[in-house]
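What follows is a single structure, and I will ask about it in a moment.
Chain lettering (A, B, C and D) follows the sequence in which the chains are written, and residue indices restart at 1 in each chain.
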Amino acid sequence: MPASFRSDNDAGASPEILAALAACNDGAAYPYGADEWTRRAEAALARVFERPVGVLLVSTGTAANSLALAAMSPPWGSILCHRMAHSNTDECGAPEFFGAGLKMVASASPGSRLDAAVLARELASGRGDVHAVQPSGVTLTQPTEDGQVYTAGEVASIGRICRDAGLPLHMDGARFANALVAAGCTPAELTWKAGVDLLSFGATKNGAVGAEALVVFDEALSGTLPFRRKRAGHLLSKMRFVAAQMVAYLHEDLWLRNARHANGMARRLADGLGTVDGVQLLTAPVTNILFAKLPESLIAGLVQRGFDFYHGGRWEPGVARLVTSFRTSPQQVDEFLSAAREIGKT
Amino acid sequence: MPASFRSDNDAGASPEILAALAACNDGAAYPYGADEWTRRAEAALARVFERPVGVLLVSTGTAANSLALAAMSPPWGSILCHRMAHSNTDECGAPEFFGAGLKMVASASPGSRLDAAVLARELASGRGDVHAVQPSGVTLTQPTEDGQVYTAGEVASIGRICRDAGLPLHMDGARFANALVAAGCTPAELTWKAGVDLLSFGATKNGAVGAEALVVFDEALSGTLPFRRKRAGHLLSKMRFVAAQMVAYLHEDLWLRNARHANGMARRLADGLGTVDGVQLLTAPVTNILFAKLPESLIAGLVQRGFDFYHGGRWEPGVARLVTSFRTSPQQVDEFLSAAREIGKT
Amino acid sequence: MPASFRSDNDAGASPEILAALAACNDGAAYPYGADEWTRRAEAALARVFERPVGVLLVSTGTAANSLALAAMSPPWGSILCHRMAHSNTDECGAPEFFGAGLKMVASASPGSRLDAAVLARELASGRGDVHAVQPSGVTLTQPTEDGQVYTAGEVASIGRICRDAGLPLHMDGARFANALVAAGCTPAELTWKAGVDLLSFGATKNGAVGAEALVVFDEALSGTLPFRRKRAGHLLSKMRFVAAQMVAYLHEDLWLRNARHANGMARRLADGLGTVDGVQLLTAPVTNILFAKLPESLIAGLVQRGFDFYHGGRWEPGVARLVTSFRTSPQQVDEFLSAAREIGKT
Amino acid sequence: MPASFRSDNDAGASPEILAALAACNDGAAYPYGADEWTRRAEAALARVFERPVGVLLVSTGTAANSLALAAMSPPWGSILCHRMAHSNTDECGAPEFFGAGLKMVASASPGSRLDAAVLARELASGRGDVHAVQPSGVTLTQPTEDGQVYTAGEVASIGRICRDAGLPLHMDGARFANALVAAGCTPAELTWKAGVDLLSFGATKNGAVGAEALVVFDEALSGTLPFRRKRAGHLLSKMRFVAAQMVAYLHEDLWLRNARHANGMARRLADGLGTVDGVQLLTAPVTNILFAKLPESLIAGLVQRGFDFYHGGRWEPGVARLVTSFRTSPQQVDEFLSAAREIGKT
């Protein structure tokens, strides 16, 4: 069957993750995160980030993001975000729900990244005015919705703006590993050293069954989170099975290997597509998400042959989003490219 | 190491469940419940309940309960419940959160079960009065917090009260299998045939890794649930891994076998304890939860030997809660009993 | 037309209040509380309480109470209250709404007043346990729903319990003036000197058109209130018209004169009723609310003659609630008593 | 003292309104809207709109708007609005609060009015997609924030779009009278005949002390409103004092006379300003709000002489907002113009 380039959500789990589930099953364990696997996951994340961190394991990125944003803002606060931010457009209002009616405010930043200078102006708007929602924090997506990456320096610029405003900065890292290997810096440099206070550290899209960590760098933000998590139904009783995934994910760099592979497959795809007649790459193959403009006939042909990917819809006609994963094989990419070339010829 | 009788949450997962996780990992699958395992889980639940049902898979019982209660009540509504109901006392206000401030109202029913006649009066209170929260539904826990079971007839009595009041009835079945095998009737008889409109059908405590189904019998209640689930961060991207658990749980009666075993271990424990000097059984060993009054010295001795169980705290001093699971072995029970007898002699 | 003893809400406004509305109408005034009348109302309240106070003027007691309770508690918190507390039973879940799902928890205190010792136990329950709502404050009603009064010493006992628990204490003083003149102490002694942190200071029932002040004694609780008030639609644009009412209410002791009169009428009513055959006073005539047990024939007769009062319903059959106001005249009371005696004879 | 052109909120109340407050004060009246003045206000609004209407009296426009929007949308819904809509920018997130986290989504409509064609596309976005908030209604402001008016035909175009989408249309008519006399049609034509389902009918800015009516044309939307109002603390106990204002406001066309006067004063102001050197009118004097570009020196001079109006801030430097009211006198306008001319000469 032809490969799916629809989403890295479509891929299953890494064998190492499944093995970890089986391995943690022996004997009784305290529930609700009072188990040793949770301790080990916390320790592993502390090692990755080179400092003590608060960790809340949950099973979805929407939960991690929404818990973070709610902890940052009062109900009458606003969270500045990119207009395309997943938390703004694809979570059915989850941040507003968790945040008791907080307001996601789309920045006027041009392009697909938040712009520090634009943000600075926007964060000043309405502060102290009882008629206005109060700017209460910023969230950025890393990598962005179109697969691009903020460099450590770019994150730091935004981090400074936030610090100057006395407001926290959240990073939605549902695909953090893909961004990290692209950015070529350390996890610490891309996050807390650049002013990030809360990170949604995703593992699910990159090989886990369902495991996300809300990583808290600013201790002042951590006090309410355990209650928020429980109250939202996200404190798992048999937490060891999420924690064991996270431990395996970080063990021997599985997460980085998976991400490098996925990003590499996107590059291979981009390299090939660049040579197909009529195809225009719209984004650089920085991470594992690629946007390209394809002739409608080519899209139709690929779909007919069973290839699966998003096209049109929320984007302009002819625009295709192609996503690779830790499981995408070079053969799958090459089959897609061969098919594209063949269709182009007819 | 001595066995834990602390909670069935402490047990890991059935081998069949873990095998199912591995088995569903092949190939790409549509995310967010658009996969074939989710279809199969839905079909399996429809077979179990002998009718079409709505199914929302989630990973915690708190999520299943809170989604159900929120779907039943407007924000200015009240849900009548037993004063000891888990959703009222142990979910950190999750129903109030999901329900935008709905009110859990503890019934004055005596004992550990809701009483239909008491409920009938309470459901009439304040209806139509704009100053009062509006009675909007009832939730009962099956089995109850102290391990007792509503018979199908008792559920039907409450179901009739609800129907007469035009209000929905929810059953918190975090341990539904344990109740079912104790009640000796069919799943249909214990639920929708007795007037239950929504059921939190738990698998986690009885052998799954993390899998609960909100089963909807009243189609009129199902419309808002997909949005509520997504918005609460409970729509899993790799849903196949929850669905596969549910399929395996229902396959070849694993769920009933696990529950019968757990209940049987509680009976064995009760039978033994009944012969230990100074021990007074406070509840009948109907399901897998047992309450007993133990001499303080016996509790201290068991704890010292490494046995783990709840005692005191929210209950009176000397009261112990003992929970068995699908994993509890006869040997573990017998070791506990031997230790109890030995301690009693000293 | 025979008098109404239904509620002090049925009475209109004191002439002094209406005169104040007319008097404040000259010229332009800054809206939203930035006017001089608001400053004068704040100053008058500071004089009454003999210290600086925060003041938020609103037009309903439900708003004052709910803003206060929401400021005291996180969404996962509980507010301990008397089971009959107006905020628990008669505000359609307003505290839960303003507090994003906080939980009103009825104390097990016997009688119509909160008991400090019972409260102390209840405030300790579940603290720090992520599965439980977190005790976050206490509210007491002064006078109570049955017209009784906490002495300054009784308030202080509860205040100490709260302080020991590190939690704030709110007083619902919708009829504060009636309680104050009954308690025979100063406003300061009955509130902040006794540990009250927030007071709903009602004027509406005692002669205003619609004016309530949320008086904040604990500055730490005041920061979020301006935003909460605006967000709830309770920041009036032409605030001068509420502020002027409050100024007039406090001017030359109008509030105390009105309350003394109302309480006196309740005493006159109680004295008379005590001599009517078959009537049993259920409460002492401490403030302006009286409960009495009347023969059903007497109730029917009074109603037939056009007297209006609550009876039966949420209370037992035969129980009548009789409320006097600043407007109740001795003649009205005497007519009621005459009618009662006449009916008794037939 | 020089006149304020800051806001029609700065003006006090019409003498007729104050007289009505005094006149309704006789005798006892049922509270919470069960009084005869409330019946008369409802009847008066029914006459104005030439049909039966639901009416909820409240004391602020924020309450009326937020109750309406919350009744239109589930928590996971979006309300499309103009980016400058008061409910979107100046109510501190009140719609999000009342609506349990609903999302205000700013339309991409150009200019200061919603555009029916743009709306049509936006209302289709994400419908049925569980990841997206669900378009649930539209709100338009009449007159707009810059004092312009939708004609009955323009409202009807938007009304048709909404009807086609099966969604309700709300009109924020905080200054409805000013729009109506400018539009030159009947209240019915400008509202329900054009597809408006809910109207915030403001009286406060146009002469009342504090009185707004939420007028409900679509009966299907009215069921939840009484509970929402109570729960938000907006059900006034002495409701007769709000109702009497509304009755007086509609009596003998006081509302239309006040609005015509205010609009006339804006025209007089515009006519005069048009002849002042360096002044550029930015909006036509359609209602009682005027925007003009003034030389900075002119603004400074006017401010120095004690004239009060908004300038700069959320608008560009040099932009002034000038608002007239029922109380603005021709002399006040002329003094302002004289001062402007004088300053211009120096």
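Following the convention adopted for this analysis, a contact is a pair of C-beta atoms (placed from the backbone, for glycine too) under 8 Å apart; a residue touches a chain by one contact, two chains touch by 3 or more.
Being a predicted model, the structure only gives us computed values, none of them experimental.
Enquirer: Out of B-D and B-C, which chain pair has the most contact pairs?
Expert: Output for the comparison: B-C.
Enquirer: Let me check something: if the centre of a chain is the mean of its CA atoms, which chain is farthest from chain D?
Expert: B
Enquirer: I'd like the Å distance between the centres of chain B and chain C, where a centre is the mean of that chain's Cα atoms.
Expert: That pair's centroid distance is 42 Å.
Enquirer: In whole angstrom, how far does the Cα centroid of chain B sit from the Cα centroid of chain D?
Expert: It comes to 51 Å between the two C-alpha centres.
Enquirer: Which parts of chain B, given as residue numbers and ranges, touch two or more other chains?
Expert: 32, 75-76, 91-93, 97, 100-101, 130-131, 227, 230-231, 235
Enquirer: Using the touch definition up top, name the residues of chain A that touch chain C in the complex.
Expert: These residues of chain A touch chain C: 32, 74-76, 100-101, 130-131, 134, 224, 226-231, 235.
Enquirer: Under the stated contact criterion, what part of chain A meets chain B in this complex?
Expert: For chain A paired with chain B, touching residues are 1, 3-4, 6-7, 9-13, 18, 21-22, 24-32, 58-63, 66, 91-94, 97-98, 204-205, 209-210, 227, 230-238, 240-242, 308.
Enquirer: In the complex, go through chain D and note every residue touching chain A.
Expert: Touch residues, chain D against chain A: 75-76, 78, 89-93, 96-97, 99-104, 130-133.
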